[in-house]
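Residue numbering begins at 1 within each chain, and the chains themselves are lettered A, B, C and D in the order written.
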Amino acid sequence: GGTTKKSTDSDSTKSGSGSSAAASANPSAPIKKGLTIAYLPKQVNNPYFTISDNGGKKAVEALGEKYKEVGTSSGTDTAGQVSYVNTLTQQQASAIAVSAQDPGALCTALNQARKNGVKVVTYDSDTNTNCRDAFVSQASAEDLGRTEVQLMAKQIGNKGQIAILSAAQTATNQNTWIDFMKDELKKPEYKDIQLVKVAYGNDDAQASFQQTQGLLQQYPNLKGIISPTTVGIKAAAQYLSGSKYKGKVQLTGLGTPNDMRAYVTNGTVQSFELWDPAKLGALAGYTAVALASGQITGAPGETFTAGDMGSYTIGKDSTVVLGKPTVFDKSNIDQYHF
Amino acid sequence: MTMTAKPASAAPPEAASTSGFLDRVLKVRELAILVVLVLMLLATQLDNHAFLSEQGIKDLLLNATILVLVAVGQATVVITRNVDLSVGSTMGITAFAAGEFLRGGGNPLVGVLIAIALGIGFGVVNGLLVSLGQVPALVVTLGTLYIIRGLDSIWFGSKQITAADLPSGFADFGHNGFGAVPYLALLTAVVLIVAAYYLRSYRSGRDLYALGSSPEAARLAGVPVRKRILTAYIVCGALAGLAGALYLARFGNVDSGTGNGYELTVVSAVVVGGVAFTGGSGSVYGAALGALLLTSINSVLPSIGVSSVWVQAIDGILLLLAIAVDRVVALRVAAVLRKRAAQTRSAIHHA
Amino acid sequence: MPEPTKSPQGKATSGTSGGFAVPAWARDSLRWDTVVGALLVVLLICSFSMVDNFGNALNLSFLIGNTLPIALIALPMTMLVISGEIDLSVGSTAGLSGAVMGKLWNEGMSIETIIPLCVLLGVVCGLVNGLLVTRLGLPSLAVTIGTLAAYRGIAQIVLGSNSVTDFPQQYLDFGSGRIGGTFIPQAAVPWAVLLVIAVIVLHATPVGRSLFAVGASQEAARFAGIRVKRLKLSMFVATGTVSALTGVFWALHYASARYDNATGLELSVIAGVLLGGIDFDGGKGTLGGAVAGVFLLGALQNVMSLVNVSAQSQILITGVLLVISVLAPRVARQVGRARARRKAADAAPPAAALATG
Amino acid sequence: MTDPEPERTPVLALEGVSKSFGAVRALRDVSLRLYAGEAHALAGENGAGKSTLIKALAGVHRPDSGTVLLDGAPVVFHGPADARDAGVAVIYQEPTLFPDLSIAENIFVGRQPRRSFGRVDHKSVRQATADLFRRLGVDLDPDQPARGLSIADQQLVEIAKALSFDARVLIMDEPTAALTGSEVARLFGVVRALRESGAAVLFISHRLEEVFQLCQRVTTLRDGAWIASEPVEGLTEDDLVRRMVGRDLDELYPKQDAKVGEVALSVRRLTREGVFTDVSFDVRRGEIVGLAGLVGAGRSEVARAVFGVDRWDAGEVEVDGRPLKSGAPSLAMSAGLALVPEDRREQGLVMEMSIERNINLTGFGATSRAGLMNRGAERSRAVDWALRLQVKYARLADVVGTLSGGNQQKVVLAKWLATDPRVLIVDEPTRGIDVGTKAEVHRLLSQLAADGLAVLMISSDLPEILGMADRVLVMHEGRLAADIPRAEATEESVMAAATGRGRNAA
């Protein structure tokens, strides 16, 4: 007897849930002034998030709103992130743009915030859909997953063993992307490519190093490594560039131009991709403002203008997609500085 | 009331034999780790022939260098019955300092020196707090762990050093070497040997063992306790600083999170190396071996294809095994010694 | 880790190793745990009056709710430390119990059976630590660093990358809800009960007396017929059990069971306990101090975020506090000794009088 | 370096020194002069301030007032190192060794002979140590770590250390407390040699006959105050005792005959590998059984095993016919067994806990009701026993570590007598205890015996054994060598057995 998963499945879905979705949107409503848009990244002092939050800062302040950034200094301090959500609720922020360390852990706090009239936008990594008003996605997970495989396939001539070096085993984004990679690899043109292993470097340089070494030793004729995490790819690149595998084993994935410049120029890496984090932050900001001004409620189909970035439409699961990622290589990398 | 003497004869021979036996035993205790290490590596080699290739050996050595350096410093402190938990933070901040300097196109050697100097600085702070303040090292250095970490992230914020900022020569130094032996490994070996020789063959070195063994007795014996503790912390800080510089050279990437949580790894290495937290015993060689063992495990597991899900659990269990085995060996030895003592005593008598 | 120099004087003036049972606190009012308690009160008063949004029920419940896990584990940890040992694996134990909870929940087992199982798991974790320390005589620092990694690793194997969030609502409510309109989280009630029990055990029972003795001198305690090993073992088990409970509470409070729940919790606990004036040589300290220390840190963090102190500065401040927490009593001691010496200089010696009276 | 006119300037002197610890005034305006080539004794009850005076001389304590004079000139020793450099060597009352270092290193720490580049010359360290031990006739392995040495062995190492300085001033705080006659005799030989070569010696012992054997001059302290400084000749032990205690002393060995009852403690074929073998004996109600033997004979080990802190490998132990388990002190206690251990600092007391807590450590049963401690009961139990044994303390809440050596020993006794045991094992019960208290303890023991307690008394103080014991068991090399009834027990008979020359009786 007792309370089991089944007995609760029925009601677990409607727990909390977007009370605001009920309210109706007014697309022509003016943009409210003096709103406070609070950014809560996975981790402060993380270069990637600093770039995107600064993007957000520009956008938000351009609209005459107030910008602030708070957050934990560790990327796995879920409890810390929760108490920050609580604090922001206390401080009556107009909207929170949060990149969730954990899809579930924030829900209670976020829904509490929303009950207190705070709009919640997730960016970069999402929470469960019923805990936020909208999710601003860096690029559709599908695009990212598939394009990374395509990049790798080009570099190794559609042939040979490849491996994936991911971040933490719990990283929500990476896992969805990897699923799409696997799906992409099912296509006939990639029949000669075998994905031999997914390794996890926990976004730690030393660990990623040793995982890379392990991959190369375990699969002597490994042709390429896909690392869909900025930390992983630069660790792998640093190792390859200093080892005998330099140039022989291809490496691609998600990285920032600044991190990867050295390795692209010294020929360790041919090409990799990423969206523009600054734009991501900006879009999150615009979305937050639009929500707080009542222009949108986060319901699919609604449209709003994101300043100079043009107008965006909310897709299913109230997701706003930034666009296709940019591919960086020798030819264009020097034009980007983030 | 006069009791006549227990015959004092036959003392020298007994001494000789016992001592010979003793140091052999002591040596063995470090050998034990070495044996485990070698067996593990060979086993892996059988499973995967790429493992001990030139590249493979080079990687093993490189992976170990940084941890070995910090562990040697930590051991010096632990021998004095103290501990320095701030090494991780120190390593992080020094790495960054060196990086900042090199980014400005500075000379690599100077960069390394800067890192070491900064490390010494923090060593002095810790040393003074512990020796003058006479407060538990665990707490103080847990405090400085946070403080230095905080300074680090306030000072550098979200800035980061990337390979592109570093002079190529420096990066090459990070991974090149003579054949399978990287420069970093050589450097580390030199440091290790110097440290070991100092601890074994200099009065001040022996003092460290003495005051670790019994602080009160050390004070009465006129050992300059505070000065010595300060020295130990300075050594530790300096090595953490050096390690920071080498980290930069090796990984080419540093941000304000670098070195986070490293202290636990270091402490584990020292413990596995048989340096007792009660002070006064153990050697830096042991600590170095411990470090080598730990890093090697983390190279072995991936290369025999153990899913990284298992790595952490296996790490922990191996650590437990290592110290447990070491302990059991020690107990056995003690028992043997007791029997020997008894035999020699009665031998003396019946002679 | 023992102090670098242990002079009899140092010990002599550092007050007796007693709870508030001993009139020690009446004697030297400068005892650190009382100071911490005072600090906490001062901080609360200031925050109520100066920091807006601090005083309201919601925030207070946040404050307490987020500090509870630390406060929970601090109870047995204090006793363990007083008996001269330490357990760094508490965070991992909590994580493991959370992970197992999630796993079994997904397996469709009923929560009413799961929770007792998790507690049992905690007992086992504690036993492993305790047996390694007492039977093999290994240093607890080393052992629990090992199990710190091991338990976390096992948690990872058990639950992998999943995170379980769909626990039954009434339990989630218990984890995050409050008593009526008050600021007191429901989970604070069982904690209070545990606190009372712990205080009594440590400061008013033979067990507590023995703990202090064992921490101060294991050998002498053994010669006094105290069953040292059994005592320590039971402390490890207690710590493990409470950690597991904390793991369950954590999973419910944050409505998420993941293998990396409560990572690094051990440091927060130790920081709080240390701040509360528990001596890591063992044999000294009071539960009051430990709890005050824990809540002082918790309240500080809450206030600092409310007044927008950046995470970096918070780390810094925590560190400074820790250092002060050990330096201050030291200084206080010096002052106290100086005063005593001056008094003694002109007081007649009571020693002789009391002797062969 | 012999001074032409020794009586003129003292090598080392204290003038009007006072020292207080908190409320305790350990020294009050005390003066003392040490002359080259003279052995000076320091006498006084426990807590009189002898050790404190020594620590003031050695630079461990800074006097609150008064001055230290070196060759007539005032000096301030900022630490033990200063005193050492000034040629002052000290043996402290409590051995202070480094358990992890080898014996040789213990002796030369900080002063190791050096080779080129200031490297320590381990070989000559070992050699020098071996030579010292030969001089003292000690057989210890210089390379053996100090951990696990018996108190006696530790004391010998301390002596060797002090001698290794060939200092101008040699200060010894109860160096003989743990030693048996043979070691004492050899020590005195060496000290006399030093004195003749012009060293000044300060010597403390509660064994007054030793004072008369070794010293020319004696200074007496009472409650931290200076009483007298005078030549030894012409002085009788009683004079000295009167100065120390301030009254005439009653008999030192007040042995009253008790009627011997049935067997209370029975030990059969007890064996602990490598320590003692096949030990069997009985102790009856009302009987005081002495256990004699050379240092290292294994007496303490037998006691430890019987009480259960060490396991035994073979044999049985019974208390009142109840068999005990190996390695279970708590069972032994509940069976009515009590052990006053040999090493009070490590085994007897929790040094950083209060006097009260120490006394009550054995009495949770008596001081708790329904599992809760009863403060009143705790305090009264402590006060009661502290006063019965005349412990000299300021407050019961004082840390026991601050008591004088002898008073610490009293606290240990109190702690165990408070359990009112059926069988009491005392290991060196009067080590470091002044004559007055010694008599007290002896009276107490024989009183307890008279009341039907069975007492096993281990002691290295042969007169004590002969004075107090109804029967004397003698151990030699870990075996029971003889069982001698009071009538036949003489120094000769006991020594013969102790050195293995005796008849193999019992």
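The rule we apply is simple: contacts are C-beta pairs under 8 Å (C-beta built on N, C-alpha and C of every residue); 3 or more make two chains touch, one makes a residue touch a chain.
Every value quoted in this text rests on a predicted model; they were computed, and no experiment measured them.
With contact taken as defined at the outset, chain A and chain C are each touched by B. Taking B-C and A-B together, the chain pair joined by more C-beta contacts is B-C. Averaging C-alpha coordinates per chain and comparing to chain D, the farthest chain turns out to be A.
Mean C-alpha position of chain B lies 30 Å from that of chain C.
Between the Cα centres of chain C and chain D there is a gap of 41 Å. Distance from the chain A centre to the chain D centre is 74 Å, each centre being the mean of its Cα atoms.
Annotation for chain A: residues touching 2 or more other chains are 44-45, 73-74, 169.
Each of the following residues of chain C touches two or more other chains: 156, 160, 264, 310-312, 315. Interfaces, counted as pairs of touching chains, are A-B, A-C, B-C, B-D, C-D.
Residues of chain C that touch chain A in their complex: 53, 56, 58-59, 62, 66, 69, 105-106, 108-113, 156, 160-161, 163-172, 176, 250, 254-256, 258-264, 301-302, 305-306, 308, 310-312, 315.
Residue ranges on chain D touching chain B, taken from their complex, read 60, 79-81, 84, 90, 92, 96-101, 105, 109-112, 114, 118-120, 122, 130, 133-134, 137-144, 180-182, 185-186, 209, 273-275, 294-296, 461-463, 477-478, 491, 495, 498-500. Chain C makes touch with chain B in their complex at residues 1-7, 10, 88, 132, 136-139, 141-143, 145-154, 156-157, 160, 264, 267, 270-271, 274, 279-281, 310-323, 325-327, 330. The part of chain B that touches chain A in the complex is made up of residues 48, 50-51, 53, 55-56, 59, 63, 149, 153, 156-160, 162-164, 171-172, 174-176, 251-253, 255-258, 260, 298-299, 301-305, 308-309.
Put simply, chain A touches chain C in their complex at residues 1-9, 11-12, 15, 44-45, 68, 70-74, 76-80, 82-84, 86-87, 89-91, 102-105, 107-108, 128, 168-171, 175.
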